[in-house]
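Okay, so subunit A shows up in both of these, paired with subunit B first and subunit C after.
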Partner chain A sequence: MKKDLLLFTVFSIFIMLAPQLFSGGYLMNVLVFVGINTMLAIALNLLLGYAGQISLGHAGFFGLGAYLSGILTTTYSLNPWIAMPAAAIAVGFLAGIIGFPILKLKGHYLAMATLGLGIIIFIVFNETIELTGGPSGLPGIPNLELAGIIFDSDVKNYYLIWGFTLAVMLFSLNLSNSRIGRSLRAIHDSEVAAQVLGVNARLLKVQIFALSAVISSLAGSLYAHTMTFVSPASFGFNFSIELLTMVVIGGLGSIYGSFLGATLLTLLPEFLRAAHDYDIIIYGGLLMLMVMYMPGGLVRGIPVLFRKIVKKKGES
Partner chain B sequence: MQFDQILQYVLSGLSTGAIYALIGIGFSIIYNATGIINFAQGEFVMLGGLLTLSCLELLKLPLWAAIPCAIAVSTVVGILFERLAIRPLKQPTPINLVIITIGGSILIRGLAMLVWGKDTHAIPPFSGDTPIAIGGATILPQHLWILAITLLIIVINKVYFYHTISGKAMRACSYNRRAAGLVGIDVRRMVLFSFIISSAMGAVAGIIVAPLTMTAYDVGVMLGLKGFCAAIIGGMSSGISTVIGGLILGVLESLGAGLISSGYKDAIAFIILLLILFIRPQGLFGKADSERV
Partner chain C sequence: MLEVSAITQIFGGVTALDSVSFSIKKGDITGVIGPNGAGKTTLFNIISGIYQQSAGTVLLEGKDVTGLPPEKLARLAMVRTFQNIELFGAMTVLENVMVGMHTKSSSGLLACALKMPWTISEERRIRNGAIKWLEFTGIIDLADHTAGSLPFGKGRLLEIARALAVEPRIILMDEPAAGLNSQETLGLAQLIKRIRDLGITVVLVEHDMELVMDICDRIVVLNLGKKLMEGTPREIQESPEVIAAYLGDDD
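Right after this comes the complex of A and B.
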């Protein structure tokens, strides 16, 4: 436990000092996205890595948070600090209701059902034009403001987003070391066995699903207020897959793994500018290779690989 | 609302439904033999259409030769997919299988984008495009082709699964893989067979629908998902109930698009999918099955 806290402190200090190290304006913008994606990857990881329940519709919850925040602050001119929790509560409520029937399903069926849910949400964003602006998007979302500081530059947004991301990380680390975390892992291994031991598996799965949706919604709201513009294209099926890729590449059930996965997948397209259209090939290939050769993700795979190399060198 | 118009929606719905049925049967065959939902199923539909296009335009083959050629190449892709991705998997948990078939689907789609670009392509109809009047509605010759070929494939399927040794072995695997292995059936070969049959069927579906709807590297996603929806309505059977599932879905979608709103057309399939999964996960016609732990 002490080791965990130390690691987290070192990590936080590194994150807070990072803007001093990388002062390039554009890079800051990318790092803001790394923060948002880390939050989303952790949200999905709580569900997939801890509880073992897949979701291919998380882009939908992310989008709902973004749109609810966007609509409440523009059309209804609400304060963003009120809109954000309001959106999160609404999304959590929705996920809670839909969670009961959807989480009765397992494995492949659950994957398809959540995928369908995500696509329905995406279609609603596109079709309710009076509300969302349809495919052309919703402009003019206000920036967040705190104690006179308006979060309108990349550096300010960096601290804002990473403040939230670190909070989500700390919360998730604590959760995984708690009774709830252990119950979730029990469900992951065998739902029936967990139930026999007195874990209310059904309720707990729905709760973690709702929690995951709330974190995604929060990330969506932050996205909306930093970008000041949202359009349905950011919340489609492909983004759900991208989130899945982040979690799998980083390592299922590892919070720092989610950070690694999100960082890698957010930075990768920036370095592969020339190959912009072909990034889907890379995602597809990476997903397959990781599941085949490094099912534990980078976080567990790299140390194993390192040990193997060291051992080989020792032998020769 | 006129009767003619309704008839028109129903007729065009039936032919799209037949396509969904073919794709759905492809899903079911693999699922029954292996327990895998192959998320890459839709990509074989896309490959069928685009490979036919290449055979026609690059190799200058006549249509009757281009079609088997395209089916053969798609099947080879199916075999490679099974051999290179599914079989070597060390921990074939449901989640890993979902992820690997999704990865495969993205990879195939990406490679198709490299080869054929992002444009939409058209394939000429099999026998002209003079509309045929039925009642107050009109249909195209291609609609008849779709219905006829679907029927033919269903009959072939029936014969294969009930009257050949390998078909019966495959059915044995779907009842109980372990027991099938114990009586001497090579289960791994059956898994490969199931991938061969369903990639070929997916390709056929893609070929016969392409003249009507055009085709592009990314058509597989939606078609695949709707085929899955048909299979779910049919309770993952590789027989007639999935066909009925496909037809129901096609007609409802077509009616919904015509009478309610075309924007929500795709949502209809997914709402049906969710409702079926929530209320009758064993399919419309299936009996509830108790699960062993």
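Right after this comes the complex of A and C.
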């Protein structure tokens, strides 16, 4: 337990000092996205890596948070600090209601149902033009403001987003080491055995689905207020798959793994600019290679690889 | 303790159980035996709330628990183990037993995530409780191993330790000796007697006749979905009907 806290403290200090190390405007902007994607990957990981329940529609919850925040602060001129929790509660509530029937499904059927859910949300963003602005998007979303500081630059946004991301990480780390976290992992390994021991699997799955949606919604709101513009293209099926890739590549059931996966998949496109149209092929290839050669994800695979290299060096 | 009356289960057109009734006395070790396909596991799945029966009722300590889901039965102090041990393979041995303490703890999702002060003391209580049951079953030295890496016999003991952590008043064991060698089976017999000595009522489905005859106070024999007879191990061994059911009739 003490070791966990030390690791988290070191990690937080590293995150907070990072802007000093990598100054340079454009990179800061990318690192803001790393933070948002880390939150999203953790949200999906709580559901997939811990409880073992897949969702191919998480981009939808991300989008709902972004649009609700955007609409409430533009059309209804609400304060962003009120709009964000309001959006999160609404999305959590919606996920809870939808979760009850669809989490009865297992495996491929649950994948199909969540896929459908994501697509429906995406269509709503596109078609309810008077509300969302349709395909051309929703502009003019205000920046967040705290104690006179307006979060309108990349460096300020970096601290804003990473403040939230670190809080989500700590929250999730606590959860994973608790009786609830253990029960979720138990459901993952054998739902029937967990039930026999008194775990209300059905309720717990719905709770974690709703929590996962709430975190995704929060990430969406933060995205809307830092970008000041949202459009449906950011919340499509492709992005749900990208989130899934982050979680699997980073390591299922590992909070730091989600950070690694989100970092890799956010930075990778920057390095793959030249191969622009082929990035989805590269993602697919990466996912296949990871599943074949590093099924535990980067967070477990890298230490193994490192030990192998050290051993080889020792032999030669 | 447990009263089963007129349980009938029909799968499609097949009658797996046909109006089976018996009652189990508090503090006894009761064996449910019968040839393959007699309906033993189906009966267990119904009593433990995994299947819904077509007809019949189950009374637990006088209370009608017919159709209650397994998680509710755990709160009423009834727990079971599985024929093909159902461990949480990716978790450690200690964590497996800690899940067994679920009904004995109450911190909710948000309290755990925010690490409220009371969750910390509860966590300590859960850990200590789990350690106690690992000591009871003699696998405390494996506490930090991954459950999925255990040999089968140890896995069986872990499953029992995990079930005991629920602090049941009745435990159902589905073929606890299946897959164990003779040494392990002897250890299991001792363990089951020690569980009974804790005041826990034990019901087991078992094929190992030596074990059943050695430890059971009473035996219920099923054949082709019906109760063939019920009695002490001695009565069962001497019954021509039971012998016929197992060895086949000459006619």
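As a convention for this text, the second predicted complex is superposed on the first by the 311 of 316 C-alpha atoms of A that agree within 3 Å, B and C clash if a C-alpha of one lies under 4 Å from a C-alpha of the other, contacts with A are read in each partner's own complex, and residues count from 1 in each chain.
The working rule: a residue touches a chain if its C-beta (ideal position, glycine included) is under 8 Å from a C-beta of that chain, and two chains touch if they have at least 3 such contacts.
Please read these numbers as outputs of a predicted model, since none were measured by experiment.
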Subunit A residues touched by each partner, larger count belonging to subunit B or subunit C: B
Which superposed partner A:Val192 touches (first subunit B, second subunit C, both, neither): both
First (subunit B), second (subunit C), both or neither touched by A:His108: first
Which of subunit B and subunit C A:Pro295 touches, first, second, both or neither: first
Partner chain in contact with A:Glu130 - subunit B first, subunit C second, else both or neither: neither
Partner chain in contact with A:Ile241 - subunit B first, subunit C second, else both or neither: first
Which superposed partner A:Gln207 touches (first subunit B, second subunit C, both, neither): second
Subunit B versus subunit C as contact partner of A:Asn174, first or second or both or neither: second
Residues of subunit A contacting subunit B in one complex and subunit C in the other: 190, 192
Subunit C partner contacts - residues on subunit A that touch it in the complex: 171-172, 174-175, 178-183, 185-186, 188-190, 192-201, 204, 207-208, 211, 253
Residue ranges of subunit B in contact with subunit A within the complex: 31, 36-37, 39, 85, 88-91, 94-100, 102-111, 113-114, 118, 221, 225, 228-229, 232, 261, 263-264, 266-267, 270-271, 273-274, 277-278, 281, 293
Residues of subunit C touching subunit A in the complex: 48, 50, 69-71, 73-75, 79-80, 82, 86-91, 95-96, 98-103, 105, 107-109, 112-115, 119, 122-123, 126, 162-163, 165-166
Subunit B partner contacts - residues on subunit A that touch it in the complex: 48, 52, 54, 56, 101-102, 104-109, 111-113, 115-117, 119-120, 123-124, 126-127, 190, 192, 237, 241, 244, 248, 277-278, 280-281, 283-288, 291-292, 295
